[in-house]
Structures are given as structure tokens and as C-alpha cells.
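One chain, subunit A, links the two complexes that follow: it is found with subunit B in the first and with subunit C in the second.
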Partner chain A sequence: MTPTSVDRTRPGAGRLAKARRGSEPYAFILPTAVLLTVLMIVPIVMVIGYSFTNNVITNKHPQLVGLQNYLEILGDPVFHTAVINTTVFTLGSVAAHLVLGLAFAMLLNTPLLSRLTKALFRTIYILPWLFTAAVIAVLWRLLLSPNGVINYLLDSSGIGSGQIEWLSNPSLALGSVTFINIWAGYPFFMISLLAGLQGIPQDLYEAATVDGANGIQKFFSVTIPQLRPIIISMLLLDLIWTSQQFALIWMTTGGGPINVTEMLSTYTYKLAFSRYEFALASTSAVLVLALSMVLAVFYVRHQRARD
Partner chain B sequence: MSNDARTRGALRLFGVLAVAATVAATAGCSASGSSASSDGPVTLEFAQWWEPELPAGALRGIMDDFEAANPGIKVNLLSGPYASTKEQLFAGAAAGTMSDVVGLDGAWVSDFAKQGALADLTKLMSDAGYDDSQLASQIKVDGSTYMIPAVNFVYPLFTNDDLLAKAGVTAPPSTRTEFSNAAKAVTALGDNTSGWILPLSQEAPNGIQNDVMSWVWASGGSMLKDGKPDLTNSDVKSAVEFVQGMWKDGSIAPGSFTMKEQDKVEEFGNGRVGMMIDSLAHINLLRKNDPNLKFSISAIPAVDGFSGERGIPYASWGLGVSGSSAHPAEAFKLVQYLMSEKVNSELSTKANAFPGNTKSVPDFSGSDPLFKTAFDIYKKGYPANEFTGLPVAEELMRTFDTQFQSLLNGDQSVDDTLKNAQSQWESQF
Partner chain C sequence: MTMTKRSRNRLLMKAGVILALIAGALFAGFPILWMLSSSFKSNGEIFEFPPRLLTEDFSFSAYISILTDPTKVRFFVNSYVVAIAVTLLTLVVAILAAYAFSRFEFRGKRIINVVIVSVQAVPPITLLIPYFGLVVVLGLYNTYPGLILTYMVFTLPYAIIMMTGYFNTLPRELDEAVRMDGAGSMTALWKVLVPIAVPGIVSVGIYTFMIAWNEYLFALTLTKTEDMRTVPIGIQLLMGQHSYQWNEIMAMSILGSIPVLILFLFFQRYFMGGLASGSVKS
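Moving on, here comes the complex of A and B:
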């Protein structure tokens, strides 16, 4: 091999090796990127595109209509009702999830109970989380029926009387579905906060005791600050999940009576699968996506700040 | 790595992803639902929800007989529950991959026909030289037939004999006044018993069709005029006022606003309700759940003094042919076979339903005696379901339901209810 031939081949081989090294990272992320593109980006972009057309799926030749769908949805009084109901339902559920989850987590973390008792109650308290939305809906429809167990218990204990229409009375329905959602969702908070509580160093409580702090002061000055990162993460996640709750509402009230439990999710579903107005449904879905993105941005920023 | 190199790398990556996405999307779109093969026997796809609801092997047996009678045509049954079949058909209609022969609910027909997803059966009947005078009914859109009801499930009035007897009512009511009085008497028995039950859930708003509009049809009335909504007419107003009166009397079981059809059947089966309007299909269920429950069926009461023919609400298993079928003539042969006198009798017997062919007679020898009674009621009146063939039929029921709930809740008058529902319906036509 002459020096000249070495000079001719080396740069080519080097370029190839360099290109291969350069493309390696992309090759690693390619499967994930393809899946994300096909399963997330393409559908989202398509739905955003649909929201600017007169109608799709049931219309073979969709035409662009600009912002007309957005104006129609934003001007629809039922949409306004759905936004208000979703806000009340979500804030009520998330606040109660936090309070109940924290209370049960602290009960289960107490040194006053034996390990067996705690294990038993952990199992009982986590049960609601094991049921699917369909099971929860059927269960609570039976319990809250005018001839159901709840009314029987209220009647026989003298607290209430008659056949109370928990889900069918327009003034009780939103409260009832919120209650069901609270029951179904608090274990998620409880388990996460219990893990957080078990990770708080005992020294902090001992130091607080030496400083003369009582139980309440320890709770607000040690427990809450230590749990704060978990609480904020959980709150943001729960806000996103609860605002999109569909199955439970649909299977218990269907958005009724009248429209007192109409949520953004049920409103969008009805546009798509009852009216077959897929462009309007896409518009509503894009608006829900925008609202969820705001919460998601807060969540990501919070996670980054933690890191 | 330099910025340039990064940019080039990113562009390469984007290019690969774009191609991958395009390939995936194209692959998804190109999947064809056509069941045709270019050579050899023609294989038809028949998508329906009937097979799971019929005795095991019943529909396949009919298909085997069809294949034996029509060498060269095979039938592949695509069966699933009602809701899955509906989703499958809507997806197929959008993608142009609908099965050759499809089981249809009348509520879907208008939307499918307007999409061009269904073949014009008027033309197929004429091409095949088919005599349509034997068909009990045809569902038309803009003058052309798109669905033929194969079998019909009627919704008569069910009355709990024991409860009515206890309340001093000796015979099922036949007029609205008798019905209202009977409902009051049963409710007066106390112990959480109600005279009538009215499911108005918005999840499944078919209570508007079966339990509210049925009062209009039973008295020969109509909610349409020249195919367009006519909710403010005196027939509809009188029926709505009648139901409102029952509500004010407290004769309707509590929980109506979120009650579904299965809740209605359950409450009646538990003996807590004196009367309900329900599908004949539930007779076997009621017998199975409580063999001691004594109940009768009769025609839905009409306005006092009414002597005309009574409309009786019904739901159908309808037949249609896909607009994208490569073998429409063979597909229609299957429709023709299912609608023939003998096969239609067999299908209606097995489904505990009434035939779509006027010459067919179901065999009641092995059935509950109430089916025979119901068939007599059916023969005396006429099948009435004005929601069949209307655009977005379920949405029409739901919008009426919302307005009707506002009325019963005391938020608006009967006139405003009907006016609001009328304007909402008009916007859908």
C-alpha cells in the first residue's frame, strides 16, 4: 500500500464512520419518535385541521371555514354550562382528593396502630381505585337509586326520608357525581402521599419536638413543606385527569338531568357521536386540549424546577 | 457537532419521520373492507348484531341454507354487540369499507344514505325484478329505499296483574283517562310503588321514542308533517300534557331523569311498578327473573273515544346493502333470501319478533303465549316509529329529552317546550 492510496481512502472511511456516529443517536430514538408521530402528532394535527373545516368523516368534500367552528362553539350556551360544570366538578374533586388522601395517608402512617391494622385499612381504603369507571358507575347508580341502599340507610336511621333522587334531581346531580368521583379517586392521592410521608426523616420531627412544637405546628411546618413537591405534582396531574373525566359522567347521568352535569367531555362526545358533527367536536376537543396544555405547562415547569 | 451538522441531522430525522408517518397513514387508509375475490366464489360480508342475540348457530344455519341455494356465493358473518356494530359501520361508511350486507337500525339510515354509504335498494329491487308489495315497510330517504326492516320488535303496554288487582283495576287500561286513573290507584298503594315508569336518561334517550312519542302514535297522531318536524301540533301537545299530568299526579316512578330502559324493566320485574311500555323482547327476561310475576300485555292506550287504527312503536333489525360493495347484485340476493316468506318466518320465530314480510307468520308453538297476544295487537294496528329514517335520530330524541326534562322540572311551559324542541329539530333537517 502506497502513502498516496492511504491518503485517498482514509478521508472517505473517516467520513462514513463520522456519519454513522452522528446518526446513531437518531437511530436510537427513531422507534419512539415514529410511534409518537403516528400515535400522537398525526392525530392531533389532523384534529386541529378538522376544526377548521365545515365537517369531516360524514362529509366527503370538507371545505375550510376558518374560525367559524370556534365562534359557534364559544357562542354556544351549552358549552358555557359545560365549562362551568367541568370547573366545579374538577376543583371540588381535586380539593377533596387532596384532603381525604392526606387524611387517610396520615392515619395509615401513624405509629399508634399495629402493622396488621394498618395493612387491613390500607387494603380497604385502596379498594375504590381498583374498580374501573364502568363498575363504579353501576355500583353507585344502584346505591343512589331512589329505591337504593343509601336511601334505605338514611330512612331507617331517621336522617332522611323518602326516595331521594340523588342523580335525577337537577339540584343534587352535580354534587352526587362529584362525590362519586371523589370516592373513586382519593386512593391515588393517599398512596402517593403515604409514600411521601414515609420518606420524611424522623429527625425533623424530633428537632421540632425539641423546639417545643405541638402536633399542628409539626404538621404545617414539617409535614406539609416536605410533601409540597408531591402535593403540587399530584394536584396538577389530578386537575388534568379530572377535567377529562368522561366514562363516569356518561354512565351515571349522561350529562343530565337537563344539562346540569354536562361536562366538556360529554359535550364533545355528543357533538361527535350523536350529531356526527366531527368538525365541531374537533373544535371542542382542540379547546379542551388548549386548556389541558396550560395545566401541562405548569406541570412540566414544576417538574423541571424540582430537577 | 456543529450547528450545521445538527440542523442537517434534524432535517434527516424529520424526513424519515415524515415518510414513516405517510407510509403508516397510507397503509391505514388503503385497508379495504371489500370481501370480493376476483376469481372463484363471491364472498359476501354481512355485519350485524343479530347473531349474538339469536340462539347459538341460528343465523349461521340460515346462511348455510342460503349458500346451498346459491352456489358461488359464500357469506362471512361479522357479528358483534349492537354498539360495536354501530361503531364499525360508521367507521366503514367514512372509509368506504362497509360490509356488503349490513344490519341497520332505522336511526342510522338517513345519515348513511346522505353519505352515500348505502346502495339505493329501489334500484337493486328493480334490477332484480323483485316484487316489493310483500314488504311490510321500507325506510326511504328522498324517495329511495335504503333499509328493509327484516323483523320488528314491538313495544306494547305491560301491566302487572297483581298490582292492578290490588289497586282495584280489573282490566288493562285502553284509554288515557283509564290509564291515568289506574296509575293513580297503583301509586296510592304506597310502599314505594308507582303506577307508571318513564326512563328519560340522556345517555340513551330512546325513552322519548318508546315512552313519550308512543302516546302520540297510539292515538293516530304524528310528530311530522311532510317529513319535517311538526312538534307544535295538537296531537303532540296533548300527549305531552298527558305525561306532564301524570308527573304532577306523582304517578311516575322516581328517578326518571337518569333512568335507562334496563332500569325500567328491573323496576317492573321487582313488582314496584304497575305499568310500563316495553319491548316484547323482554318477556323471556321477566319470566326468567321472576317466574311468579303475573303480567299482561295490551295496546298502548289512546285518547278517550279514539276508534281508529293504533300505531304501535317498534324497533327493527333492518337490512341494507353497502354503497361500496363490489357485488351489489349478490348482496341483494341475500337480502331477498332473508325477506322471503319462509326464511323471514323462521328468522322472526327465532328472534321472538314479528316478520318484515307481510305473508310470513311466526311459529308461536314453542313461545310464550303473550307473543301470540302481541301479534294480534300488531295485526290490529300498524307499526309506528317516526324516528326511523330521520337525520341524527338519536340527537333529535336527546334535544327533545332536554326540553322535556325542563318542562317536568317546572322550568318552562308546554308551549315553550314544543317551540324550543321544534326549532332545534328544524336546524337538524
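Moving on, here comes the complex of A and C:
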């Protein structure tokens, strides 16, 4: 007798098997569900709770203080500076990532060069992406040091003059960290856009040529519309992640000098781990979360539309 | 006449493209070349004027002094332990979840999926404060399990998304047939699906390793003593010393980047594929 016929002879056994089958997928996602609850849902509830207390972690008996922390954070001039800096840093980085990533992807997609040459350049172009923020930070501190090689090169080519303090001059520091972040992040766009370019059907370009379009017209009427879904995904992801950047800032300028590179991430970190104001830090962290969630909604919607 | 003009135009364009590519390569590659070159210099030579790309007294002394210092070697050991453990755990949990997402229809699937996608957007700094509280309470502060567990919040979501995508490309009939024959789903998954999904598993594994190897914020905050620090924090600790040993800092940076560089060289195809799918954090 085969097992299936045993099931059939016993009423109820079939239903049992069916019920088991129905619950089966839940068993497979159980570890994920447990981990995401412990690592995501519980902490988010906790941090929101913290933000309504007078202090936590260092304070054994926290009391609820309503919206007081929110009023204090939203009224803090340093928070305003951090919002502006994060916006400048993020928009500058993301825009440059897109432009550089697209330019390099198009260069690497040229039909004029051999595959081997292109593979070689592609490997060089992807290099910055392979180094972690800590390494990128110390490397650029060396390069941009007043006695460093960048100043030497600028000086000897007649562009710059002398020992420029790229990271400690208040009027240059924000631009410098943004530049470093641009250097570190464009390969992410480049690779996705390169794959996108290779996926554009060649006959679209041929049709455009027949219609008498020149190179620039083809770029705007074929290339950009075809890459649009990828570009939008990348822009949203990059906005989310760049606005959360911490390590690079922390290890180059630490938010200084005098707050000119203070980001929402470094501001929050300092509140918690330099000033031990965990409730205020939680408040700032909740505001940062809200910003990211707004961007995430757009991202999830866009991904759904793409599927 | 027109032919020569066309071929001359083509030549000019080719020259332009090559020049642009070289300019781009200098932008991308020069800083890394400088890091490499500085790591072979003596510390006195780092800020010598004029700076030289190729040093005259080339030496490995910076590397030797790092690799013979037990404190610094410990940073590497810690990074390997944490990154390998995170990779293995993430793979097991993600394979299980991806199997459910790829092969079953169930209630709540869409919602769980949205949660997993949006989890990737939650700022690490937001999680850090409650993690600090939790890790201290659970006695996981300054331990491997504390780091391994918290890193999974970054690695798991995209690992599930990538793994599900990969399983979806494999024909259902293969594992369905095994299940219909009466073998359990576990057999179908581990004996049939997983062996043919190795390329996907490898690429998810590489990314997971990279994320764990590179993580900075949690390692900075959830560990305290020097013997628990990972490589990125170790690099920062070198910067904190009174006189900067730039050659050692650069050598440490190179050594700390080698695992990822090697993975990239050997598995370049997987890297490109995964990056292009846009589900991976930069």
C-alpha cells in the first residue's frame, strides 16, 4: 500500500496533511520573522518610547515628558544646521553620482574599443566601491592634508595656492566631504546603468537614426527613457543611504569644524554617545527614521510599479 | 573622400573616448595608487617635498610591523570571526525564507515582503540607541554574538530578496517533483534546490561577507575593549595615536581591503550581477 492510499483510507488525515501544508511556509519564514521582530520592530518601538521620556539607559526611572524632547530638538540651531548640511551633502552626492555614473557607463559601453580594454577600465572604475568608509576616510585625510599630494598637484599646475586645509577650513569642509563621498559612491550607479545600457535594444537606436536623430537627440529620446526605471530606483536608494552616511563624516571631520559638516547621523550619535542624552538622541533618531520612511514609501511604490 | 572623412571622424571619436577613459581612470585609481605607494614608504618620506609616487627606499616594514603586532592581528581575527559567522547564519535563514517566498502562496506574504523591502531603509543610527540598551541588558555588550546578531539586520533583508529572485529563476518542477514523491519540503529544498542554486548562494554570501566586514557604526558602539575591535575600528584607532604613522595606516588599510578585493577578483561576474539588480547597499 502506498502512503497516499493510507491517507485516503483514513478520513481526516488528508485534511491534517493539508493544514500542515498550509502552515508550512510559516515555518520557513519563522526564523526571519523572529529576527526581524527582535532586531527591527522591538527596537523601533523602544526608540519611539525613549523619545517621550526625560532620559533612558543612564536613568533608572525614566518619566514621560510628552513632546518636550521634540520641541527641544526642533528648536535646536545645531539640528537646523544638521538638516541643511545633510540636504546639501545628500543632493550634491546623489546628483554627482548619477552624472558620473552615467558618463562612465556610457564610456564603458562604447563600441569603439575592444572588450578587453573596456573590462580593464571597468575594473579600475569600480575600485572606489571596494573600499570601506574607514579606509576611504583615512586615505582622503592623507591626500587632502595641507602638505598632501592634492595640494602639491594643484600648486604645481598653477590652480591652487599652497597649503589648503580642505577638511579643517570651515568654508571648504562640507564641499570636501561631499567630494569624497562622490568619489566613493559613483560605481554603484555606474554598474547598474551599464547593465541597463546593455539591455537597450539596438533597433531603437537604428530607428532613431532612420528618423534622422543625432547623437544628443538619441541620448534624450532613447537612452534616458529606457534607463528611467533604473535611474529612479538608484536615485531613491542613494538618497536614503547618503542621508544616513555616518562613518565617512565621523572619520574625516567628525562633524566639524564648528558644525559645518554636522549631519543628522553625527548629530544624533553625539547626543547619545558623547552627551549621554539618550532621550534627545532617540527623538532625533525618530525624526531621521521618519525622513527615511517617506523615501522608502516612494521606493516600495516604484519597485511595485516596476514588477 | 567621404569615406576618409568618416574614418577620420571615427578616429577622432576613438581618441576622445580613450582620453576621457584615461581621465576617469586617474580620478578613480590615483587615490588607490597613492595608498599603495604610501604603504611602502618610510613614515618620514610621506610628506617629503616634492612627493614621489615611486619611493626610492621601497620597504615592507609598515606591513611587518602590523602583522607582528598581536593587537592589530586581533582586529583581523575579530573581523573574520564576525563576518564568517554573519555570512553563514544569514545564508541559512535567508534560504529558508526565500524558499517560502518563491514556492508557496500564503496569507500575509505581500505584507511581509513590503516589511523586508522597507527594513533596508531604516537608518542604522535609529536602531543603534535601542540596540545599545538591549545589548547591555542581554549581556552581549563587547561580545561577538552582540555584533553578529545586530549585523543580521543589514544582511538579512537583501539576502532574502536576492535569494528569492534567484530561486524564482529555477524551474519549480524540479523540487515540486521531489515533494510530490513524498519527500518532505526540507529534502526538496536542501537536496534539490540548494545544490542547483549555488551560484546565487555564492553571490549572496559574498555581499553578506562584505557588509559585515565593512560595518563601522555598530562595531564602534557595541564593542569597547581593544581585543574586541574589528578592522575598520582598528584603522580609526591608528589615526587616534599621537604621531600618525601614515605608512602603517595605509598598510593596515590595504590589508583590511584585501579580503574584499580578492572576492571581487574571483567573483567579478556575481558582483556585477548583484549590483545591477540594485538590491545591494553601497
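Please note the rule applied: the second predicted complex is superposed on the first by the 280 of 307 C-alpha atoms of A that agree within 3 Å, B and C clash if a C-alpha of one lies under 4 Å from a C-alpha of the other, contacts with A are read in each partner's own complex, and residues count from 1 in each chain.
Following the convention adopted for this analysis, a contact is a pair of C-beta atoms (placed from the backbone, for glycine too) under 8 Å apart; a residue touches a chain by one contact, two chains touch by 3 or more.
None of the values given here were measured: they were computed from a predicted structure.
Peer 1: If we overlay the two complexes on their shared chain A, which of subunit B and subunit C does A:58 touch? Say first, second, both or neither.
Peer 2: In the superposition, A:58 contacts subunit B only.
Peer 1: So, does A:42 touch the first partner subunit B, the second partner subunit C, both, or neither?
Peer 2: Both subunit B and subunit C are touched by A:42.
Peer 1: Which partner does A:145 contact after superposing on A: first (subunit B), second (subunit C), both, neither?
Peer 2: After superposing on A, A:145 lies in contact with both subunit B and subunit C.
Peer 1: Give one of first, second, both or neither to describe whether A:24 is in contact with subunit B, with subunit C, with both, or with none.
Peer 2: Touch partner of A:24: subunit C, not subunit B.
Peer 1: Touch check for A:225: first (subunit B), second (subunit C), both, or neither?
Peer 2: Once the two structures are laid over each other on A, A:225 reaches no partner at all.
Peer 1: With the two complexes superposed on chain A, say which partner A:160 touches: subunit B (first), subunit C (second), both, or neither.
Peer 2: Neither partner.
Peer 1: Identify the partner contact of A:251: answer first if only subunit B is touched, second if only subunit C is, both if each is, neither if none is.
Peer 2: A:251 contacts both subunit B and subunit C.
Peer 1: Would you check which partner chain A:259 touches, where first means subunit B only, second means subunit C only, and both and neither mean what they say?
Peer 2: So A:259 only meets subunit B here.
Peer 1: More residues of subunit A are touched by which chain, subunit B or subunit C?
Peer 2: C
Peer 1: Go through subunit A and flag every residue that touches subunit B in one model and subunit C in the other.
Peer 2: 22, 26, 33, 42, 57, 141, 145, 147, 250-251
Peer 1: Which residues, counting only subunit C, touch subunit A once they are in their complex?
Peer 2: Touching subunit A from subunit C are residues 10, 13-14, 17-18, 20-21, 24-25, 27-29, 31-32, 34-35, 38, 46-47, 49-51, 92-94, 96-97, 99-101, 104, 106, 109, 112, 114-134, 136, 149-150, 152-153, 156, 160, 182, 185, 213-214, 216-217, 221, 231-233, 235-236, 238-239, 246, 249-250, 253, 256-257, 260-261, 264, 268, 272, 275-276, 278, 281-282.
Peer 1: Spell out the part of subunit A that touches subunit C in their complex, as residue ranges.
Peer 2: Residues 3-4, 22, 24-26, 28-29, 31-33, 35-36, 39-40, 42-44, 46-47, 50, 56-57, 103-104, 107-108, 110, 112-113, 121, 123-135, 138-143, 145, 147-149, 152, 156, 183, 185, 187-188, 191-192, 194-196, 230, 233-234, 237-238, 240-241, 244, 246-247, 250-251, 264-265, 268-269, 272-273, 278, 281-282, 285-286, 288-289, 292-293, 295-297, 299-300, 303.
Peer 1: In their complex, what parts of subunit A are in touch with subunit B?
Peer 2: Listed in rising order, the residues are 22-23, 26, 30, 33-34, 37-38, 41-42, 57-60, 141, 145-147, 163, 165, 167-170, 173, 250-259, 270, 274-276.
Peer 1: Would you tell me which residues of subunit B are touching subunit A in their complex?
Peer 2: Touch list, subunit B to subunit A: 1, 5, 9, 12-13, 16-17, 20-21, 24-25, 90, 93-94, 111, 114-116, 192, 200-205, 253-259, 263, 267, 272, 392, 394-395, 398, 401-402, 405-406, 409, 411, 428.
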